[in-house]
Amino acid sequence: MTRRRSELDPPFTAVRDAVERALREDLEPLGDVTSTLLPPDLTGTARMVARGEGVLAGTACADEAFRQVDGDIRCEWAHGDGATVVPGELIATLTGPMHSILTAERTALNFVSHLSGIATLTRRFVRAAHGNNARIWDTRKTTPGLRALQKAAVRAGGGANHRGNLSEWVLVKDNHLGDMAIGEAIRRARLRWPGRTVQVEADRLSQVQEAIDADADIVLLDNMAPDQVAYCVELRGDRRRPLLEVSGGVTLQTVADYAATGVDLISVGAITNSAPVLDIGLDLAAE
Amino acid sequence: MTRRRSELDPPFTAVRDAVERALREDLEPLGDVTSTLLPPDLTGTARMVARGEGVLAGTACADEAFRQVDGDIRCEWAHGDGATVVPGELIATLTGPMHSILTAERTALNFVSHLSGIATLTRRFVRAAHGNNARIWDTRKTTPGLRALQKAAVRAGGGANHRGNLSEWVLVKDNHLGDMAIGEAIRRARLRWPGRTVQVEADRLSQVQEAIDADADIVLLDNMAPDQVAYCVELRGDRRRPLLEVSGGVTLQTVADYAATGVDLISVGAITNSAPVLDIGLDLAAE
Amino acid sequence: MTRRRSELDPPFTAVRDAVERALREDLEPLGDVTSTLLPPDLTGTARMVARGEGVLAGTACADEAFRQVDGDIRCEWAHGDGATVVPGELIATLTGPMHSILTAERTALNFVSHLSGIATLTRRFVRAAHGNNARIWDTRKTTPGLRALQKAAVRAGGGANHRGNLSEWVLVKDNHLGDMAIGEAIRRARLRWPGRTVQVEADRLSQVQEAIDADADIVLLDNMAPDQVAYCVELRGDRRRPLLEVSGGVTLQTVADYAATGVDLISVGAITNSAPVLDIGLDLAAE
Amino acid sequence: MTRRRSELDPPFTAVRDAVERALREDLEPLGDVTSTLLPPDLTGTARMVARGEGVLAGTACADEAFRQVDGDIRCEWAHGDGATVVPGELIATLTGPMHSILTAERTALNFVSHLSGIATLTRRFVRAAHGNNARIWDTRKTTPGLRALQKAAVRAGGGANHRGNLSEWVLVKDNHLGDMAIGEAIRRARLRWPGRTVQVEADRLSQVQEAIDADADIVLLDNMAPDQVAYCVELRGDRRRPLLEVSGGVTLQTVADYAATGVDLISVGAITNSAPVLDIGLDLAAE
Amino acid sequence: MTRRRSELDPPFTAVRDAVERALREDLEPLGDVTSTLLPPDLTGTARMVARGEGVLAGTACADEAFRQVDGDIRCEWAHGDGATVVPGELIATLTGPMHSILTAERTALNFVSHLSGIATLTRRFVRAAHGNNARIWDTRKTTPGLRALQKAAVRAGGGANHRGNLSEWVLVKDNHLGDMAIGEAIRRARLRWPGRTVQVEADRLSQVQEAIDADADIVLLDNMAPDQVAYCVELRGDRRRPLLEVSGGVTLQTVADYAATGVDLISVGAITNSAPVLDIGLDLAAE
Amino acid sequence: MTRRRSELDPPFTAVRDAVERALREDLEPLGDVTSTLLPPDLTGTARMVARGEGVLAGTACADEAFRQVDGDIRCEWAHGDGATVVPGELIATLTGPMHSILTAERTALNFVSHLSGIATLTRRFVRAAHGNNARIWDTRKTTPGLRALQKAAVRAGGGANHRGNLSEWVLVKDNHLGDMAIGEAIRRARLRWPGRTVQVEADRLSQVQEAIDADADIVLLDNMAPDQVAYCVELRGDRRRPLLEVSGGVTLQTVADYAATGVDLISVGAITNSAPVLDIGLDLAAE
């Protein structure tokens, strides 16, 4: 099936630009010197196949890579972002000029395996937190230049997106406070940036109380143990706000304990900056 | 010490462009909304400190990030790319306007922790292969758009760089051969691309012999067991060429066995596409 | 005084890029053909002077324009963004090579007069709403490619910034609802985008009630008369949320009536897409 | 009717680049977070409708915006640049995926309403000068980065284009003269830049005479009253050259008086830097 | 002497962008692999020396190349654009880190030798036409992407610049005319593009007369023999206009004959698209 | 025949980017002012015809230029890169909107005539060296920003490509050696950059011997006379390596003598930096 836009896709501008850059860096100045050995007329079929188990992401980028390299390559997608794949599972079938498929192969695979790696690790955290309300979300700890793509991959894995960048919402940390009280900081933030999410980082329980009293939208509980987190959840009681976020060193081993506290959000830097790739390969055959 | 160019640095053009992109994606459209809460005159000092043990890389990018954000930030580097750091070790000291340091913080750290992660994993492979001649080198399995930076990080970790891209040298794989014999492919490659490295992928021992006979520069031994590799090393005998490269699924557990075969090069995709970050943080203090 | 970063500035990346583009479009391919008639050594002084009354914005762009054209131009700024200026008032003094000042003149003035026009109109709306809590804020009705600069100019005029773009927060309009109830849309939005501002457009009072019940962060009251708005304010009562925003056709004549209703926010597309420039000129003298 | 190239269009390179930039600034990093609430299969139809009276411009940009966002959106244009529209008049019909139409809506409208605003104000000046030979033309007082688009909009409004930038022709102002006589400046300009239009700014009648004698191509009559302008027209007599241009503070109220003097050209900065948008909206309906 | 801006320089935006592109294409992805063999501290001095005789151009580009590669390279220029140099003549002295000088060397030389080649060939045509009023000017037959730099080099060689691009002035050729008379075409062009140079191509004498009668600014005499050109000069008589331009196949052998006809302008495509480089080298010495 | 990808093409990314830049520089800000005089509906046919004899190159660029300007232009190619053409020979037929063909004409021709000029001069060198094994190859002496296109043109002319840039392989020159012996330099280069071509420049016979002994991949014989080169060939004997390259001042007159020595490669800077264009024109006819 020809690929259709999905609500899990990154913005198409980011896809187009990232693919352009990736192809430039792989092809210039001389082009694919090896595929010049092939007969130019040779056509072929390639099957993109999962070699590991995981969650697919980045199909928009792979599709764009094949499309940019050669409009004569036809891509049929068996699965889209967010699908679970197992080893040997067919992801897509590419048909067209053999040399063009070979030229695009690594770039397409680099996108899809990197982003599927993020989706897969995200899904593992999501599963580990299962049975609770806690959502896994990402951070600004992303690979430079690829944030839009990585944040989309987190969504494909079932995670959510923390603020997209420094511009999106206010997150007051210790270093922003200086001598200011938390309540005063929130007041100033709401004055300067009305309507925008205002989040506060809290290291101590007293700060959490201050933030609750000052009507923060989210409180980031920094490096607290699960029982401290549970206490903060109690502090908030049955108010709708603030959302409570756990942050700092959460692992696949500890995430369930945190999720069990009733906390709303658990941020994990590792899902974007330390996810190994999902192994995905291309099986080619000349026609 | 003000940072000096190092022979381990990526090309400065790639550093400049990647930092520009990373800062755009973190700042636009509204800028760092939180740091507008700070007094504009507040200056501070930040200590970039290792929180994990590993090998430093990407200092050129971090330096450039601070420099682009604010020319008034002074960066003193205690270590450069390739240095081994331990938890708590000071990497750099930043002095200047507090809000500018905070604005640049995450971008600078994203570069240095991602690239140091690559250098660190590379070093682990290098160490695991120790006592032999085998060099660890990278692949084209890099994060799209960051190849120049990642390949420099591999060098910082003591690894070497396989071909930079499809343009740099010829690597004949099965799909390029079709009905052509390996010797014929090499002959054509040398005719079309004289002077350029010509490498051949070999799945079977007979292919290795063919490649040796045809004077390939490098033979990639694809997914062979260590004893098969050892046999190929013997096949080559005391000739200077071809270099023999092991490729496919080499892990920290198996790398020593491969290195012991006398092979020249071991390529590891994981060092660029699956390295977790090295944890590096910034400790700030207002002045 | 040499210009210093201000918390009212646009992100420097947007300033740098916009100035590069503006200078390219004014200079290529042949450069400033007229200023080649000047003796290359002639230096001069230029006084940037307000010819109308208004609020200054865009000084970062003007400063950058002079700096990019010639590092030998010295800019001394008498005022920064947000300052009120009257006809004849000195804004900045430029000293340096006469031909470079002439080359940069129009580009620098185009930025500062356009952006000051926005700040000035914003201030007029802010003043007209004076004595109430209502904040004036902008919309996405900005001039294409200049959003970051225009939104900063709104802040310089005392206004606030609505969402920066489609990515920043959720704004559910009629067309997004289809058959969905408002409460259901908010629930879905919070599930998919936790922590992010969720705003709902309401045309009818029943929708306002729905949005209040469903805990929207902001309700956009679309094209309502002041008495309807006042009724909505009452509906909300003394809850902290949702913020209530008036939108649609608010003018300098009607803004006070809306502000008097107790509404929190009044959005005005005109401040970014229909503000006339503030007249600012350059008085030059050779030395 | 599918849109066809028109001789009133801006260069397509400027259209493509401006639309790319505008979509990036509206969509990154997370995309259109709201339209993810829509069923991905929902298709719809949107009618672009004038809400004010004016002259259309920028249809190439709007068309390009829809096209870039989604190749499946079909645009049927009822009118092209230069057409007069009245409130309620259909401009274009868009059919395709609902979420894509919603994503592109504001960007497309920002272009077409901004540029139509320029065309509309231009037309008002053109009409006010009617019955005379005087042409209305623009200046370099354009919005930075949008000159190509704005100058095309001036043409759509029936105006003409002054020099496109500093590179296009020579315009000698007081500051370029220093001690040089006007005749000498023109002589030097023709020597250095043969074939290129040479224009001279004149504040005083004596300068006008000098410029006529020296065979300037155009004389810019700076801030003169209509009777002074009429005198200059007489000075020129029935020579074909120089063209005489009135510049400085011409308004809709005064333009007829200037036009009546027999002057050739009247430049108005306001048409590009102070034109309010033409109100144009999109009426959507799901199918 | 540190380099100063010259009125012969290309626009600095074009210089900066072209140098960025050239360095990217020479350095990425791995950087200058050879200069990593040098001790990083080694400093050196390089003398840029002419090896052929000619006219210098492109010094702004070479200066920018060294500056971008390493801010620690000091460039002292003995000559600027437009200077005549003889074999062995010192052009500039570079001092700084040896590896940086080596890295920048080829890019800097490629700019200066290519552009000096253009200036040199231009000067030869200028000299060959000497003793007459005829100016040598260029065409749009430039190397794609380098027009701004090449047109500046033509000025450095003593030539003038024809229109910078399709946007700058009107040049009516046979294919634009169809059934239209030349006079009608000029009338339309002046109506649509007032103030802008209007040039007409003429193949036949009757067309020249038409163009003169219709007050063209320039008439391009296409592929005429010198005696025909002389006749056209006579046709024009002592009118100031139109300027008469000879175009088509003018060589160093024939240019004097054309210049002797009294024609105003002689266009030569070869000066920009077929000029051999001026041989310029770098003599390096470690310190 | 619609154009098909050829193994002689430059990387499509370089083609796309170069054409975008070239069209921007020719069209902005006002577009093709002359072709606005044409009836917008006029269609026509253009025949791209060789006016000189030579070898075609750059057809991918010309095709892309027409395609970018107007998707309605149909290009039928009679010949592709590498074909020999004689004066009058049809190269391609363009059919479509007349004004679009005229707008694209010069840009398309600039690419194809410049690159065919390179291919043609390359072919002349190749022919002059005929009957020997010596290959003609290029250098890094290319026109800045166009290396990828020019190197492809060299291949179209029958030449080969020396290293693409500083990143591709190691070339040790005198200045890199300092006090280091050639053998030591090669050893270090192989250590740092395994698998990569290592080339050494040799001015003297003793250096050639050193380089042979140290197993260099290529030895560049710098400015040697043919008999010295012949001696070096003998020195190498029947070893497969190193390849021997002649470099420095080889002309069409001397190339045969060098080729007769048995040398492998002859590098000629002139083929990329001093090739005159191949004269190619467009014959247009309205339909």
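Chains here go by letter, A, B, C, D, E and F, matching the order in which they are written, and residues are numbered from 1 within each.
Here is the rule we use: a contact is a pair of C-beta atoms (placed from the backbone, for glycine too) under 8 Å apart; a residue touches a chain by one contact, two chains touch by 3 or more.
Fair warning: this is a prediction, and the values are worked out from it, not measured in the lab.
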{"item": "Touching subunit E and also subunit F, the following chains", "value": "A, B, C, D"}
{"item": "Chain centre separation in whole Å, for subunit F relative to subunit A (CA means)", "value": "43"}
{"item": "Centre distance in Å when subunit B and subunit F are each reduced to the mean of their C-alpha atoms", "value": "32"}
{"item": "For subunit B, residues contacting two or more additional chains", "value": "11, 25, 27-32, 35-36, 38, 147-148, 161, 164-165, 167-169, 192-193, 196"}
{"item": "Topology of the chain contact graph, where touching chains are joined (line, ring, star, complete, other)", "value": "complete"}
{"item": "Subunit C-facing residues of subunit D, complex", "value": "18-19, 21-22, 25-39, 42, 44, 61, 98, 102-103, 106-107, 109-111, 113-114, 117, 140-148, 165-173, 175-176, 178, 180, 185, 188-189, 192-193, 196, 269-270, 273-277, 284, 286"}
{"item": "Complex interface listing, subunit B residues touching subunit D", "value": "25, 28-29"}
{"item": "Subunit C-facing residues of subunit A, complex", "value": "11, 135, 137, 160-164, 167-169, 192-197, 199, 215, 217-218, 240, 243, 245, 264-265"}
{"item": "Touching residues (chain side subunit C, partner subunit B) in the complex", "value": "4-7, 9-14, 17, 147-148, 151-152, 161, 164-165"}
{"item": "Residues on subunit E engaged by subunit B in the complex (per definition of touch)", "value": "20, 23-24, 27-32, 35-36, 38, 40, 68-70, 97, 99-100"}
